[in-house]
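I've put the structures underneath this note.
Next, two complexes with chain A in common: one pairs it with chain B, the other with chain C.
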Partner chain A sequence: MDLLNALLVIILVLNLFALGTSRILSVIRIVAAQGVLLGALPLLLYESIGLPEALAAAVGILIKGLLIPTIMTRALRDVVIKKEVQPIIGLLPSIILGALGTGFALIFANRLDMAPFQGGTLIVPAAFATIFVGFIILTTRVKALSQAVGYLVLENGIFIFGLLLVDAMPLVVEMGVLLDLFVGIFVIAIMVKHINRAFSSTDTSQLVALKE
Partner chain B sequence: MAFLMIFVPIAIAGLAAIFPSNRLRPLFLPVAALAHLCMTVLVLARPDLKATSAWLVLDPAASLVLLVVSVLFLFCSIYAIGYLRYRQERSNRVFVACLCGFLGIMSLVAWSHHLGLMWVAIEGTTLVTAPLIYFNNNKRSIEATWKYLLVGSVGIALALLGTFFLAYSSLQQGLGATLQFEDLLSNAGLLSKPWLRASFILLLVGYGTKMGLAPMHTWKPDAYGEAPGVIGAVFAGGVTSCAFLAFLRVWQICNAAGEAFFTSRILLVMGLFSMAVAGLFMIGQRDFKRMLAYSSVEHMGILVLGLGIGGPALFGTMLHVVTNGMTKGVLFLSAGNIHRAFSSKNTDQVRGALRRLPVSGALFLLGFLAITGSPPFGPFVSEFAILNGAFTAGRYVAAGLFLFFLLLVFIGMGKTVLKVVQGRPPAEVGIEAVAPNATAAGGSGAVAASSAPAAKPYRDGFLTVAPILALALIVLALGIWIPAPLGDLVRNAAAFVENRP
Partner chain C sequence: MTDIAVHLLVLILLPPFLLGVINKTKAFFAGRKGPPLLQTYRDIAKLLRKGMVISGTTTWIFRAGPLVTLAAVAMAGLLVPFGASPAIIAFQGDLVLFAYLFGLARFFTTSAALDTGSSFEGMGSAREATFAVLTEPALFFAFLALARMSGSLSLVNMLRVPAMGLAAGTTAPLVLIAIGLFIILLAETCRIPVDDPNTHLELTMIHEAMVLDHSGPLLGAITYSASLKLFIIGSVLVDIVAPWKTGNPLMDWPIFAGELVVLAAVIGVVESVMARLRMNRVPYLLVSAILLCGSAFILLVR
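Moving on, here comes the complex of A and B:
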């Protein structure tokens, strides 16, 4: 339990780092590190670890820690941008907002009805805080790739909540979720390239032609 | 059987992806559609085929959705051959493969009785349909695809969280975490109430985004407006019906848990709000494809409203899934033809469709009359049944607002539709004058203009008219007489979602 909580705290700290960094490559790496940690976490929770569980964890780490970051860094290289220039909320205010959200998640999670054996862990507050940070990144960044990173963080948060259910989620479904995530990022990366080619920029603030 | 229905279309998609000829590739579409429809009819006729495994079961509600989407897809696939002939200069590899793939994944949505698996399938439909919106390959379609991908993915991510909450509501009560639909339904009364309610809200937001309920509908006008008409039809009749089916599951579980009061209040508000938003945005709408998107928002609102009314309105609601799907096919396919003939989808340029395209124009007008609930078409019957249900259930305020919003939509939509079909068509500017400065026209939504300057002006052909005509006949037939097997199917579906044995 202590190890689990320690790792979850690291994930929470990584959230704040992701909020405070303007270099997109660094953010991608931070989220990749988060992905590796998240891939390994289920191993602490299984009652017994057999080949399927180990395989699932390996696939998770491979997709979240290696494949997705690779796709995203390649897309980043193709569109030749380095920084998130003008986030709608500045970097410092967004860190403060993220920290406040994390604190609030900790208080809020204490008031929830939890199953008795899970009361002591940080799983639920960490999940809510990470989802919140994902939403901050999604809504305040304007580069298409930053928004994709925000989506990844959001998905990581949901995955943390899924840790409560490790024994219930069948392997097939878990793999299906990972596959969807992978294909989703793949399609998003292709779209980023198209946006760059058509608009000579990946600022989604330029995508305003369609409105009433 | 489930595996066949899922993997045959996907295998055909794979074949289409490696098939070399651009001219012949669209023929894969009707092959997949016919195979799928045959399997659907077979499985509907043979109840012993309806349970493949514990996870893959075809219940009555899913049978209905499967049939609707399969029929609609067949007509769309024939239309698509005609459509892709006009887009010969562009590779249709991704288009055909994704469309066939959608059919397979849609089957998985219908069959799955494991809510986790169903989520995977719904997200799969998002991913496989995104490249379809992008087919026209211009700035506006990129923007639409990006919004669809991002809004859709985030919405669906929330649905995953809701699915987890649902499993946790069972775990928290010491029942063991499960996402098996039957388990959750039979233990519904024991589930933890706060977690169940939270999961209901999240799944409503998540799958509601996919259905396009207001206020999560923002991607819809953009996507439907920029996607080819045939894709609009597949979206408005197929993708939304699948999302509705997914939402039905959690609604059923909540009702079985005795939360009907909680859910019906939310759904009534949500449904009426969607209708109101759709009605308001339709007034003064100059882009007739965006107008159709708002019509889809409205009809998703009607479906949710029907659920909110509950009991007596459920027959009408399930029937509305059928009539809405078929009518949306008529509207989007004929709108696609008009768009092509005028190289514009703005009512400032598009006038006199009845003169230039007598058949498509007439079908568009007919589709409008049908979808707004005029007799003697199918949607009239289903909307009337919902209204009747509302009065039977004593929901007079909801019924009154329902009628008011229907009227609002009729006026708003009617104004735009009449502008499109009436009057004298502008001289053939659509082709000669616009084609040379295609880039300028691209800004005003002229998609066909970007094709080769030598393109012949579009005229109605057999392949692009016959499917619409067939769909229109079905819509008309449904309004006059519902065949007994279909009636049974709808009745069974309504009884099933009401948790009656």
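Moving on, here comes the complex of A and C:
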């Protein structure tokens, strides 16, 4: 239980670093590290670890920690953009916003009705905080690729929340979600490339107006 | 008694070795052979034999700066438990003394730099003071959380908490504190994401800019107190991250020294793989250290 909490706290720290890093490549790497930690989390929760559980964890780590980051790094390399994130509200304000959200999640998670199900773990606050940070990245970053990173963080938060249901949710569902995510990122990476070819910028705020 | 003797001996002799380990690690990553591990000792010995050039515009503060810094940092070393030995001096509330001994050291370093009247040194002092404003609250939040866990305001008891085994609910805060303290360590000892100890480009220097005018034995004292600082904050960190004790002093001292060497190697790795942060980005890192240590405290009191 303590090891689980320690890992969750490291995930929260990675959230903050993802908010505060200026280079897209570094953000992708941070989220990849988060994915690897997340993949290992279910192993701490299962009563007994058999081949299916180990396989699921391995596939999770492989997709979140290796495959998706590789695709995104490729996309980043291929499109000709400035390799820095362009936040709308500045890096320091977004770190502070994220930390505030994390603090509130930590304080209020105990007041929720599901408090008894947590059993002393930080799963619920960590999930809320990660989802919140995902939203911040998703809404305050201009480039399509950094928005995809936000989507990834958001999904990580949902994944953490799913850990509460680890007894009820079959592995197949988890695998399905992972596959969806993988396809989603794949599509985004391809789209980013095409946007870049057609409009010479992946700035999504310029995509609101139609042009001939 | 022997513990106190060993404590002092370790405090005096080991620190420059850590700088050697860091440089060796960096050389390894750069594919060089690197200076020998004992190079820092030789540097200090060489500097102590040399004469001093002292600018005519300076006053006694310039000469007192490095010496007061050295004395204050060495004094802080007496408050921290090393290896098998508890701290030599311990009383309730010594964590405040610990933090402000570093404050005193910083005050005299910056004053001595300002005393020269050089614009570069003034710039370095301003930066050092600015960043210190951000590291200090982080350090205090970390101490606050440790004090809350141990129910004591003395560093000896506070740093014993991790060694007593991980009680329910303390692991997560300890992880946060450890990460926060590592950032504090890098900032206080002027290592790479914050400051580059090897830089000689005046516009980007922080610590190095402040000591430009010092030479000879005074520069030796500065180098030595820099390594002492690394050693002391490093041992606080080691007490939290890896509080392994066997109870046998003959085992505990080598374990402690080994852990510090590993820590130095880790710092070397960080320096090798990371680029230095842009000057205006450094506060972000330090603010996140504050936030980490602060959330550790929130986790404990919620």
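Just a few scattered comments:
Just so we're on the same page, the second predicted complex is superposed on the first by the 200 of 212 C-alpha atoms of A that agree within 3 Å, B and C clash if a C-alpha of one lies under 4 Å from a C-alpha of the other, contacts with A are read in each partner's own complex, and residues count from 1 in each chain.
The rule we apply is simple: a residue touches a chain if its C-beta (ideal position, glycine included) is under 8 Å from a C-beta of that chain, and two chains touch if they have at least 3 such contacts.
Bear in mind that the values here come from a model prediction, so they are computed numbers and not experimental data.
Aligning the two structures on chain A places chain B and chain C side by side, free of any clash. Counting residues of chain A touched by each partner, chain B versus chain C, the larger count belongs to B.
Judged by the touch definition given at the top, the superposed model places A:66 against neither chain B nor chain C.
In the superposition on chain A, A:154 makes contact with chain B only, while chain C stays out of contact range.
In the superposed model, A:17 lies in contact with chain C only, and not with chain B. When both complexes are overlaid on chain A, the residue A:5 reaches chain C alone and has no touch with chain B. Superposition on chain A places chain B within reach of chain C only down to 22 Å, the least C-alpha distance between them. Of all residues in chain B, those touching chain A in their complex are 114, 116-117, 119-120, 123-124, 126-127, 130-131, 134, 138-140, 142-147, 149-150, 153-154, 157, 160-161, 164, 167-168, 171-172, 174, 176-179, 192, 194-195, 221-222, 225-226, 281, 443. The touching residues of chain A, counted against chain B in their complex, run 112-115, 131, 138, 144, 147, 151, 154-155, 158, 161-162, 164-165, 167-170, 172-173, 176-177, 179-180, 183-184, 187-188, 191, 194-195, 198-199, 204, 207-210, 212.
Interface of chain C with chain A (complex): residues 166, 168-169, 171-176, 179, 281, 283-285, 287-288, 291-292, 294-295, 298-299, 302.
Against chain C, in their complex, chain A makes its touches with residues 1-3, 5-6, 8-10, 12-13, 16-17, 20, 22, 91-92, 95-96, 99, 102-103, 106-107, 110, 120, 122.
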